[in-house]
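Both of the next two complexes hold chain A, though its partner changes from chain B to chain C.
Let's look at the complex of A and B:
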């Protein structure tokens, strides 16, 4: 209780700002002209977002066994709304996490292989730089042509976007290791594997973590983008379904949900990174996690 | 003397780096060619893409056939490039101002911090449909989306950069009687510049995709609009062409930003220029 009060006192300006933002949104909701269409105010007020709009999410539920299906003439139910939101959230999260892990692992391994010699590093430098300059989100239609508008295609797209960053990041990190470290270990008779395990891997870890912070946002954008114009499911797709009928309340609801998910993913990752990097001097690890 | 340095033997010599880059590029193109043989129709070979770029650059019957205005890829590219540049410029100006102000006045920091935290974590893409509903299918939606994103990035970068400036510089200037205006103009902005440029590059890198996807969702003009029309008729060759042309502009602007940094930091010792 005391800690809470201190937090409020210390952060009162920030908290007031958030409150002012919420109130401004609410006021805009009442003041902005309402559209002739039911369910599509220009700026949806909060009681609308968490009332009719949330209930309306049950329109996107498809399996009759668990809740009535409105598209087959059933009525809108709260249970259906939460089931629909949960189902599509799970799909999106699955795409995000699996794409992220696949991309990070493959990107890092490729980066380590390329970074082994200065010849391969030189060979890959320019093509990788050019590859990285291709606007990721503009290539979504190409991935659809190559892999279809499927779940797998979305995962591959996320993995590609994330993987390129890790590929480049790993190469940079390895070439930034002072060569003395490796020479010293070699003089002491360390094997290649031992050098990798005891020197290269710990040394590039902070760089990898700062790539995680960068690519987490990228992966969110990639998965939402892929759902916007490709795969016909997932929480990003729900925004497009809602936008089709200018259902701003539903769009705002999904946006709030995404805000929570993204915030949670950053928070979780920060905790994990701080844990793993606790052996580093605090300034270095903090700048890596920032 | 300079020439001799260039032709010095070794992989870290300029000539060696140049040759390796050329070989790497050639290998990439060869790989692309092989891939196109294997995949077929949906992976057009590099030469076909190059021909497509040249043939449709400033006049294209194919695009006219899809109901797009005459003029080939160029006007669409210029439209998107202009939107991105304008959006990033506005965002950079706002972000640096609020970032430096947050560094100087605690009050500003407390007000902007929650806003930046919220919009820094939110994948800005989800705002795109809102911007399209509120502002319509005009360039304003894309420009404001990009500007918004760039402002958040630059706020974070300029705040961090100004906190990284050695406090002795500031104290010294204040001791000599500098006022706020001189402090920012003569000390903070120059000292934070290398890091700020890093932020500008990040903002640009993401802005291309943002602008393109905003156009994909709904626009009457621009690269994204062209991609939508081409997707409908399965013209992969033209999609690859225009995406690569957009990337070329992205590379060009990145080079310009780097040149600007080199010019603006020419007074710095060499090792201090890179953040």
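Let's look at the complex of A and C:
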């Protein structure tokens, strides 16, 4: 009961904090000067973001069959704005999800292979830690040089960023499995494959799920980063297009959209994790996925 | 029903190397013969080789020299024919209770349906039929031990090895598990080797007590008390004599004398 009351109080406080921040932003919007270019306020207030800035998104729509194309002389339309946002969001999400899945699967498989023996663990430990220390965004130009400013390049980049974390995470997770489980399985006649499938894999799942929470944020940064620097589409690219003409409202709008997407992806994932990890004591499963 | 098997340990030696570089002889030439269906307790102080001997019989700890044979076959690794219950909680937390009990059965090549049927039957015998679909975290420590016992009995392993399985449980839970274990043992006729440092536990359970000291067998005591071994029987002259012999081997008397001497100073 006490815990519940504390939860509500804390939630209320954090809701109040959010409300205060929104109000402060709005106030800053009225107080800040307007950019000389295109009349865009330096701090765009919300009615500007969800008004002219949102409508302006139709500038990035390019297929005349579905809505007018402003770059070909057509007018700005709400339909075009939502189509443009939907189209570029879909591209970004596709890069994010496919890169994430490829990275997670390959990283985990490689991690499992390496973790099986102490010799391979020793061989890979140091290079991996060095690899992890390289700032991810610094490697984007190199990736684009190798793979071009393409969809594929963005996917490979996300997969790399996510994969390294899974690789290291899996090796750690496997070495953390209490040996007694494996010994017990052996005395129950389990084959190597069965130990792998029924003991090692489920035992590392909680740590793998923490890696997911860790890498979701990383994957978002990676895909937006790839779009900032090279790939010529996606919502990350929309921010850059907006920046070219000091369209602060559009930048803020896409940022808000990104917050919504990232929040949704966390929420969705926590639901899935809570289901799959229902065997864990509830406090432990919460800390594994938070 | 499976009957038990014999165990033959000949001149078993097991040497460990510490991180410091020192070596330690956990087993220093052990010879033991166990008859089929016997309930043998290994009693001794910590670090004297009880668990190492048990793990060597299980095939989990390789010997430096010597030989362990179970049912006439030399042990060279773990097997489903030598079930083991550990001191720690080893029930797999990510499998439901029924899947835990069925795990060994599936490894033996039984179909999922057959394994589940047998597992259900064993859960009934350990009085956990209502918890088949539960997660282990929903069970108490004593209930999880019953799951572990059902798991090793279900595989029909003719030899069961138990390494201080009830060490972490409270007294009353332990007493009820002694009852369950002796009942299952007398019904199925398996051979059981049970490690404990608790003399009372050994007196309740064993046909035979091997006192393990300095990596060897210091004494081999028959316990012919009738079962169930309630408090009265454990206070009989035979039981008291056995207890005295064991405490003498464990050096308990000297320990007490020394403390008494220090207390007087």
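Simple rule for what comes next: the second predicted complex is superposed on the first by the 276 of 290 C-alpha atoms of A that agree within 3 Å, B and C clash if a C-alpha of one lies under 4 Å from a C-alpha of the other, contacts with A are read in each partner's own complex, and residues count from 1 in each chain.
In this section, a residue touches a chain if its C-beta (ideal position, glycine included) is under 8 Å from a C-beta of that chain, and two chains touch if they have at least 3 such contacts.
Everything quoted here is computed from the prediction, not taken from an experiment.
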When chain B and chain C are modelled together on chain A, clash or fit
fit
Degrees between the directions from chain A toward chain B and toward chain C, using C-alpha centres, nearest 10:
80
Of chain B and chain C, which one contacts the greater number of residues in chain A?
B
Taking the superposition as given, does A:193 touch the first partner, chain B, the second, chain C, both, or neither?
neither
Can A:279 be said to touch chain B (first), chain C (second), both, or neither?
second
Is A:18 touching anything from chain B or chain C once the two structures are fitted on A? First, second, both or neither.
first
Of the partners chain B and chain C, which touch A:203 in the superposed model: first, second, both, neither?
second
Name the contact category of A:142: first (chain B only), second (chain C only), both, or neither.
first
Minimum C-alpha separation between chain B and chain C after superposing on chain A, in Å:
6
Where chain B and chain C land on the same part of chain A: residues none
Residue numbers on chain A that touch chain C, as the complex places them:
178, 180-181, 183-191, 194, 198-199, 202-203, 205, 278-281
Can you list the chain C residues touching chain A in their complex?
58-60, 77-80, 82-84, 86, 88, 90, 92-96, 103-104, 107-108, 135-137, 151-152, 155, 161
For the complex, give me every residue of chain A touching chain B.
11, 13-15, 17-18, 21, 42, 118-119, 122-127, 130, 132-142, 144-146, 217, 220-221, 224-225, 228-229, 236, 239-240, 243, 246, 248, 251-252, 254-255, 258-259, 262-263, 266, 290
For the chain B and chain A complex, residues of the former touching the latter:
11-12, 16-17, 20-21, 23-25, 27-28, 39, 42-43, 107, 110-111, 113-115, 118, 121-130, 132-134, 160, 205-206, 208-210, 212-213, 216-217, 223-224, 227-228, 230-231, 234, 236, 239-240, 243-244, 246-247, 250-251, 254
